[in-house]
Amino acid sequence: MDSIKTVKNSTLLKADMLSVTFGRLKAVDNIDFEIQAGELFGLIGPNGAGKTTIFNAITNTVPISGGSVRFMGKFIHGTKPHEVAKMGVVRIFQSATIFTKTPVLVHIMNGLHCRSTTTYWGALLRTPSFKKEEAGNRKRARELLKFTNLECVEDQPAGSLSWAQQKRLMLATALSVDPKLILLDEPIAGMNADEIAEMIELIKTIRTNGITTIVIDHNMKVMMNICDRMMVMNFGQKLTEGPPETVAQDPRVIEAYLGSSKNDQSQ
Amino acid sequence: MQPRTIIFLALGLMALVIPLIVKSNYWLYMLTILGIFMILVSSLDLLYGFTGLASLGHAAFFGIGAYCTALFQLKFGFPFLVSLIIGIFLTTLFSTLIGWPMLRIRGPYFALGTLAFGTIITIIIHNWDELTGGVSLSGIPLLPKVELLGLSIDFASKRSYYYIVIFSLFLTILIIRRLMDSKIGRAFESIRENQDLAVALGVNSLRYKLISFATASAIAAGAGGLYANYMGAIEPEIAGSHMSFNLLVMIVVGGPGTITGTIIGPLLLWFVPEFLEAAQAYRPLFFGLLLLLVIIFMPMGIAGRIRAIDPRIDRWIP
Amino acid sequence: MGEFFQYTANGLITGGAYGLLALAMTMIYGILSVPNFALGGVYAIGAFISFYVISWMGSAYYLLSIIPVVILTGILALITEKLVFRPLHDGPHTAGFIGALGLYAILEGGGNILFGPTWRTIASPYNDVIIQIGPVFLTLQRVLILVICLIFATGIFYLVYHTMIGKMIRASSENKDVAQLMGISTNRMTSLTFIVGYLLAGIAGVLVAPTALVGASMGLTPILKAFIVVALGGLGSVTGAIVGGFILGLAEDYGAAYISSMYKDIFSFGIFLVVLLLMPKGLYRR
């Protein structure tokens, strides 16, 4: 995979007093956090805590009501969503969001869109530079196809794939955008043990290649395993932040997930 | 070579050979108009079938192209080809201007907006008599006779015009195919399938919708120009909502996103009914019923339904 | 100056008719998220029924046409809801919309065959009675349009916001799944909404018929304008439909009077386009 031009251990993403309000609902309430380049950051919390909204705010899919988000120093605020992707921030949606009728290989090629320089007339006239770039796109898509173990379904429409295959396809497509930061929203939800193991391998490899990752998921075992640091949210607010072991033992976190009980020591 | 291409070339060959077999002027006339409709429906297919934009005002571009081509010949004496090109250019300019704000709007609002726009255009054409001749614009000049390589070709003859239309149809299909088999076409389809995902992957949805819209309108304008000179006279209704609706029915019933669909649509919904004189009054009823049945039971249209029978059949349907 | 009041009155009456249709459309849109263009056909059917009642029994029996209208629109509502809109609801967004277009085409086409392609006029007893209020002259028929519109508007408003059934309808509109979990039969609420909507459209047709030309495609332009009203007034908003209807009616009549009557229809479409284009993020939802 391509090397990332960011310096390791520099701040890639910074949120300051971030707030997102829908009507009277404060989905995200005054949150600060910093993501370092190259790390795998986990975002956990009960349903409705505001985690997906944070992703929406980072990609400017919903407007920010207060505070700011900066990616590599640049404010997300004025950037159009498709430009955010081009900047290098790609998110994967919670449900199986795919182009149902598109064949798998072509599906992956969709991610190469903003990196391709083909012009309208180039495509119409089939210029040599067009042909060269298309061949390059195919090649790159093939690599990602292989990486996510989807070679056997190359020509099939995305909608016909199994759930786990669809999730891997979403990952492959996101990777073809050549992101610096990838936002994974519940990547292993609905998978069995084997599929989860496969996905974790992929996520770990992505991390080894220098891509910064933020993951939302509810599977605590996995999250403890893969995350460098975690942030816990509840009711739109940040409860705590830190390495997995510290976070897991924080009484506030236990309370948020399991309800408080003076004599309850279980995790 | 793909099976689809074989069928397509076979159809193409058939189309080229027809005038040698069919001598009747009436049949040639019908086939030529069918060809023009196929060009027009293909352009709507680009917009609706591939990019997912349901436009109820597409005929407006057909009409504007027709009227521009006709008027530049009548008022300024420009030759046909020049007038056609100007007509296409002006229509594309116009569609880009109107598309720029309008394509930001989604769903039924967009469709209604296009309908409103198309209706306004028709009313303007109808009422601006001094320019457009109001109820009808006639006296559009015939194409000239030309000396080419020692041969005298009368472009106005039914046979020559048929070939002009077939050639234009081939060009249209080539343009659409080439666009679709590129990052531009992939962007169109991604917008249709899931616009939010497309944007999350870096596709500037407004820009590509605009490209689709402008291209579709340019092709429609070209069809309009061809129509104007063939018929010799045109009316404001060719830009109107009934025409736009019929076009949409043709592509929905025929099969969006397929070449076969753009053949079946006009064939079934224009060509065949033209021969059933007695059934003229039943046409809107028939169209509505067909549209309903297709959208409930065969949402991918007739061509799509045939393709879905079996993957082996799918490969043979262009 | 007196003309101004005349135009205002005219505008309010035109607006009343649009308001009835808009009310029908907004209620159905609220619960199904589909702009039901078939209502334009139902409108024409209402007009046809009064035409036939008057032709067969004489204009004195004009009001009697309400009975067949109620019955027929009710049946039509149930049939179309069950056979067309319910199956299409699960499909892609545009499916319901296209289905509605198809339905309209069937109704218009059918109307063409049964009623014939020519436009006709009908005479109701109220056409001949002229009322004068100050400088304004109105036929009783036209006053009736406005009055009935206001009655229905109040009635629907009361129904939707102050009755249990209204609450159930609103719940079904907002979140079908949750409503079902609470024991509300959303299917029944949808059917009810359809019946009410189709009735409104049919009544509108009955009222307007004596003041306009009756023909198979008479519903096309009005239903488009109704959608414009609904889109601008807020999808699913009852007040928006009524108020919007009046505003559009006034805009049209003022425009026709002070600018140009030839381009009258353009005003509604033009206003729609202008507002649409100025609010590109989409008009506000309810």
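Chains here go by letter, A, B and C, matching the order in which they are written, and residues are numbered from 1 within each.
By definition in this document, a residue touches a chain if its C-beta (ideal position, glycine included) is under 8 Å from a C-beta of that chain, and two chains touch if they have at least 3 such contacts.
Keep in mind it's a predicted model, so treat the numbers as computed, not measured.
S.K.: Per-chain Cα mean versus the mean over all protein Cα atoms: which chain has them closest together?
M.R.: That would be B.
S.K.: Given the contact rule stated at the top, which pair of chains has the most C-beta pairs in contact?
M.R.: B-C
S.K.: Among all chains, whose Cα centre is located farthest from the one for chain B?
M.R.: So the chain farthest away from chain B turns out to be A.
S.K.: Please tell me the distance, in whole Å, between the geometric centres of chain A and chain B computed from their C-alpha atoms.
M.R.: Chain centres of chain A and chain B, defined by C-alpha means, are spaced 42 Å apart.
S.K.: Rounded to a whole Å, what is the gap between the Cα centroids of chain A and chain C?
M.R.: 47
S.K.: Report the inter-chain centroid distance for chain B and chain C in whole angstrom, where each centroid is the mean of the CA atoms.
M.R.: From the centre of chain B to the centre of chain C is 33 Å.
S.K.: Where in chain A do residues touch two or more of the other chains?
M.R.: In chain A, no residue touches two or more other chains.
S.K.: If you look at chain C, which of its residues touch at least two other chains?
M.R.: Not one residue of chain C touches more than one other chain, so the list is empty.
S.K.: Flag every residue of chain B that touches chain C in the complex, lowest number first.
M.R.: Counting only chain B, the residues touching chain C are 52, 54, 101-102, 104-109, 111-113, 115-117, 119-120, 123-124, 127, 241, 245, 248-249, 252, 281-292, 295-296, 299.
S.K.: Would you tell me which residues of chain A are touching chain B in their complex?
M.R.: 59, 61, 80-83, 85-86, 90-91, 93, 97-102, 106, 109-114, 116, 118, 120, 123-124, 126, 130, 134, 137, 173-174, 177
S.K.: Can you list the residues on chain B that touch chain A in the complex?
M.R.: 175, 178-179, 181-187, 189-190, 193-194, 196-205, 211
S.K.: Help me check something: in the complex, which residues belonging to chain C touch chain B?
M.R.: So the residues of chain C touching chain B come out as 35, 84, 87-88, 91-95, 97-99, 101-110, 112-113, 117, 220, 224, 227-228, 231, 262-263, 265-266, 269-270, 272-273, 276-277, 280-283.
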